[in-house]
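Shared between the two complexes below is subunit A, which has subunit B as its partner in the first and subunit C in the second.
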Partner chain A sequence: MTCSFFQSQGGSSFFSDRFGRSLAILSWWAFIIALVSGIVLSFNYRPWGNVYLALSKLTYQFPYGIFFRKLHYLSGQCFLLFALAHMSEHFLRRTFLHMKPIEWLRLVSAFFLSFPLVFTGFILKGDKEGIFAGEVMVNLAREIPIVGAGLAMLLLKPGEDFFLRPYLHHTVTLPLLVIFLLGGHRRRLFLEKGLGLLLLVILGVLTFFYQLPPDIPPRAEIAGITGPWFFHGIQLLLRYGSPLMVGILWPMTPISFMLALAFPLVSSFRQFWILTGILWVIHLIVLCVAWFLLPILAGVSG
Partner chain B sequence: MIKDFLSITRRELVARCIQFFAAGGLFFLIWKFIHGNTPSDLVVSFHHKPQKGEVVYDQGVYLVGLENGVKALSERCPHLGCQLFYDEQSLHFLCPCHGSRFSLEGLRVEGPAQKNMFGLELIVDDKCGVYTAKLPIF
Partner chain C sequence: MKPGQKSDHFIPLFLLMIIVALLFLHEVIRKKIPPGSPDGCAMCHETNTDPSVSHPVAVMGCAVCHMGNPFALDKKKAHLGLIRNPGSLQVAQKTCGQPECHPDLPGRVKKSLMATNQGILSVMQNLWPHNDAESVQNVRQLTALPTGRSMALDHYRKMCGGCHLWRPRYPQLGEIGKRGGGCTDCHIQELVCLNSDLSQKKFNHPELTTHIPDENCLKCHNRSARIGLSYYGRFESEGYGTPYQHGEPGPRQLSGNRFYLELPSDVHHSKAGLTCIDCHTEKGIMGDGKEYQHQEDQVDITCNTCHTPEYRLKDPDPDLTRRLLRGNGRETPVNAGPFILSPKESPMYNLKAVSDGKLKLFRKRDGKEIVFSGVLNPKIHKAEYHRRLSCQACHSAWIPQCYGCHENLFLQASQKDWLTGEKSPGRWTEGRSYLRFRRPTLGINSGDSIGPFAPGCQVYIEVFDQKGRHQPEESHRHLVMAGFDPHTTTLKVPDCEGCHLDPKILGLGTGALKITEKGLVFDPVYQAAASGLGIDFPLDAFESPDGTPFQLASRKNSRPFNKEELDRITRVGLCVSCHDKYDDKIFNDFNDSFLRFQAGEVACRKEVP
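Coming up: the complex of A and B.
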């Protein structure tokens, strides 16, 4: 029997159900806040010309520009973190055993797409970090056999229109895909306005105290440049391994294992579930090590 | 038909306007996506010959003065394309992303990059003292 997504499953308590539901609601409303604040920002953002200068103007000259940029940044991060927590909670409760394979596939895919969604946003800053992130993304894509060159072309076009394709993906392709993949999920979450309002108030207040990471001018000479926080583990490994292995296969492995859990033939093996969990833990450890090591390595190489 | 059009509610009118502008915006972006500017090679000229051991930079090109002449190098790291910077203390080109290190001649010293720095075609006009390098956009 296929249970409803929020029903009590696998002997879980009412609390864990409610907790998981809260995480889903928070993640969804963080996405909505990011979407609305992103639409406001897009009125004054142009992905061509001097993007760094244009974003600086948007942030510091346009009325409430800094407020909306902070709100967009914080809500985007919240969306990713709550989605991560929500997926972890479902994974630990093994809810995939009681779901239709297609529903689990859709949710894991939506979760996976939230990373490129935030990553493309990082590129759109237009500063040195953003440009480097774009270069690394397109060069990593080129490493994929057969489809790599075509995929790289879809992701980014070098030259004057460097930011155009990431912009299109950040504002149209990826948000629409996430909304589509969430399917019936989103209709249920839309009704839960209370937590969404609370999140909006908290993020709104936080924008007055939170300082955005500084934008680095494109021509500044800096010894150590880092990507978005969730990319630090890959960035560290790219110092030692081949781009295809550590830049593509390494991050794709736990996601692929999560997707494979949709199929009863695989998910019926408890060992596979444990192996997937171990993979995620290893990724987390590498990420933590990278947060610690990257600034030190940058100091050494500089 | 006109009567039908005029009989729509205010809410429907607002929704249609939003749909119209969203579709227009999307069409514009897709049009730019397909017909955007075609990247072409960048030509960078230097009006100063670097002395031995001197490094001059302009628009993505490093012009390096060596014992046996002048060499033009691309600033892009052959590993994953980050912009290399010249460290005057170690006399090396360094990658700020993944730590690759290259000598003044552009040869790989250490790090994950498997190739040397990209050397660029250099046209020298001795009469005018102009050094022109062609930087391919890829």
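Coming up: the complex of A and C.
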């Protein structure tokens, strides 16, 4: 028996068409699974008081708490990874040359928003890493000239309501923006239930075997506190560079270049496309170096 | 829906159903923490006893103090960030000092002398061979320094650094295993859990207390000034173990293979059964948030606090009062205010006026009432000519005196550094010339009052090189007398001659004192020339008869009596054998009486020696 998602859609570039579409479908359904599991979790999650304690209770004491948390975590990561793969596939195939600028802009923006979406989820763990991540986020935002202070206030308010704004962004603002930006995509992708079901099955099975990364107690003295995996490169560079340069400009540069590719005036230059690709590769290399170096550096300083 | 699509989804749907079924099964069979539990620790660890009445495990759980992941049942996750000793000063601000509990205490304790050891460090850095570039303010700084190897600091690291609150509590046997641990150094009743096997489900949690037992104080305060021992009437003897029993050393043993003799204990112990915390307030012990250099600056109590009380607190905070009095389930009965305030403004809720100058003190450990008098006989105690006398100058029965502290440094050997826990080159050994007990030498302490002094310390350092050869050029000596309260309070005080004519009390040393027209003549028992210590004065002499100091004093502005003071004291000494009453008329204006006597206006009943 062959499932619909393995069936050829025809066309000259079988791999690219089928593979690229599958990535989009997987990313979309991962988003939907994360959304639904997140809604289930939100019934018992409170972004105030002792968030760490409450989340520990939610995870280990509430019925099916650990299942939904794992499902939410895994689907969120899948959403990001499939979106990254989907975006890369589009980029490599230079599909932006044949797309309306607004479509490309929406696609890149949705892809970009998947990072803060996962990042705010990381903060909401309420553990030591989450608190550090929140503090880093708000401090980086403050570094932005002119609008920094205002943006920081929008993102997070230090104090008793530390988790409230990240919670609102994670559960309302960012998901709605992603849904809006995906626009026509979502109507097409909703119909592709087969791949979504398969993803749900795989993630469901994984929840039995996969161990969530440990939540580090906020009061614990543990060396090697890190942000989410995609933030490690920035975390490494922040040791050596200014926050504005390496925390804001460094990650925004490749995203900006990607957005610029929406405009024919820019995208017509092949060199610009190559330069953008090189930037992404450098980011990837820095990320890999950071994965290797951060534990070592933490051991030294810790 | 396209034809065939239903069958295409069959497999994923079927697998999904299996997953859901497994999920149900997993939920049914998994270990569950009972609803209402404060955390999941009791699933594996069950304590037979609560840490204290105010720290019930059933209500507070374990993770609130010991941290970790409170509801995780996986050992690795549950134990992530776990703290075995929440009282450790390294973590105390996050455990005992968390905002909901005792937030102001760890900060204060960290600045207290028992945590900083600033007094010991400053005295050693001032007096011992030391490189100023390595100077530190406190033990925390020294621990963080890779250097700090001057002779002063090396000696501290190896001989003194085992007694401070930053020291981690190690599961060691004996007294040394009970020292350190931050808050738990004092606030623990028994160390039953020290070597408990926590892999066993049931165990006894160490009992926390605010009624600090004296043993907790004595485990450290039994050396140097030895006030913990003296309070109990224990005099550390020379170490022979005499008097023998059944041909063996006697049973009066101290830690470190030391022995003691039984002497009269402090009257607060012998008559009232008071413990250390009955006098010493929490501000005096745990500090008031300021870093002090010496213990007399931090201690928040004087004799007058109780015996000449000032009722300064008229409107105490009722919540605070209630909380303090009900601490650990024992309520000390008190009447309404006003209350006595200590010099550092600590309310003395356990102290009340009764009537006729009597006061009532409620012992903190058991609430028993002790009725006692304030200062009696104002004529005696408020006499102008004795205004500089501290209470301890007269009311100290004895003081332990350890003469000649011989420190030998053997560079060919190594010794454990208490701060790093590792051995480092250089081994110290200590010896002494001799130990004595008797009434204290008096001198002027930094507050310009007259108080007890004892050797503290008379250091002779000898260095032996890598080949064990003596290095005389590196030898060093400094002889210091230190003023402190010996904690041997007695009601019975010596008669007038006992002070005014006793050369030992005056600081001249043991021997015969003659008062001549040319001045004081003193014949010491101690033969300095034969001592081999390279001194030309008795080891127990603070000053010469002409008031020249022989030894340093441990505090700025403290000193032995000077010539003028010695003359004044001994001049009175000539008269006090007959004029031995405080209300004797000659003391109304002694100088005038003496002048009249010298002018022959008044005859003396006795021949002046």
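Note that in this section the second predicted complex is superposed on the first by the 290 of 302 C-alpha atoms of A that agree within 3 Å, B and C clash if a C-alpha of one lies under 4 Å from a C-alpha of the other, contacts with A are read in each partner's own complex, and residues count from 1 in each chain.
Everything below uses one rule, namely that a contact is a pair of C-beta atoms (placed from the backbone, for glycine too) under 8 Å apart; a residue touches a chain by one contact, two chains touch by 3 or more.
Since this is a predicted model, take the numbers as computed values, not measurements.
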>> For the combined arrangement obtained by superposing on subunit A, do subunit B and subunit C clash, or do they fit?
In response: clash
> Does the superposition put A:Leu200 against subunit B (first), subunit C (second), both, or neither?
Replying inline: second
> Regarding the shared-chain residue A:Phe67, is it in contact with subunit B (first), subunit C (second), both, or neither?
Replying inline: second
> After lining up the shared chain so the two structures overlap, which partner does A:Ile25 touch, if you call subunit B first and subunit C second: first, second, both or neither?
Replying inline: neither
> Thinking of the overlay built on chain A, is A:Leu164 touched by subunit B (first), by subunit C (second), by both, or by neither?
Replying inline: first
> In the superposed arrangement, which partner chain does A:Ala262 touch: subunit B (first), subunit C (second), both, or neither?
Replying inline: neither
> Which partner does A:Ile222 reach: the first (subunit B), the second (subunit C), both, or neither?
Replying inline: both
> Which partner does A:Pro243 reach: the first (subunit B), the second (subunit C), both, or neither?
Replying inline: first
> After lining up the shared chain so the two structures overlap, which partner does A:Asn139 touch, if you call subunit B first and subunit C second: first, second, both or neither?
Replying inline: first
>> Per the contact definition in the header, classify A:Ser56: touching subunit B only (first), subunit C only (second), both, or neither.
In response: second
> After superposition on chain A, which segment of subunit C among 2-10, 110-118, 200-208 or 578-586 overlaps with subunit B?
Replying inline: 110-118
> Both subunit B and subunit C contact which residues of subunit A?
Replying inline: 128, 221-222
> What residues on subunit B touch subunit A, complex-wise?
Replying inline: 26, 29-30, 32-33, 36-40, 76, 79-83, 85, 87, 94-99, 101, 111-112, 137-138
>> So in the complex, the part of subunit A that touches subunit C is made up of which residues?
In response: 1-4, 53, 56-57, 59-61, 63-64, 67, 128, 193-194, 197-198, 200-201, 204-205, 208, 214-217, 219-222
> In their shared complex, at which residues does subunit A touch subunit B?
Replying inline: 128, 131-132, 135-136, 138-140, 157-161, 164-165, 167-168, 171-172, 221-225, 235, 238-241, 243, 247, 297-298, 301-302
>> Looking at the complex, which residues from subunit C come into contact with subunit A?
In response: 2, 5, 7-9, 11-13, 15-16, 19-20, 22-23, 26-27, 32-33, 35, 40, 63, 67-73, 76-77, 80-81, 90-91, 94-95, 98
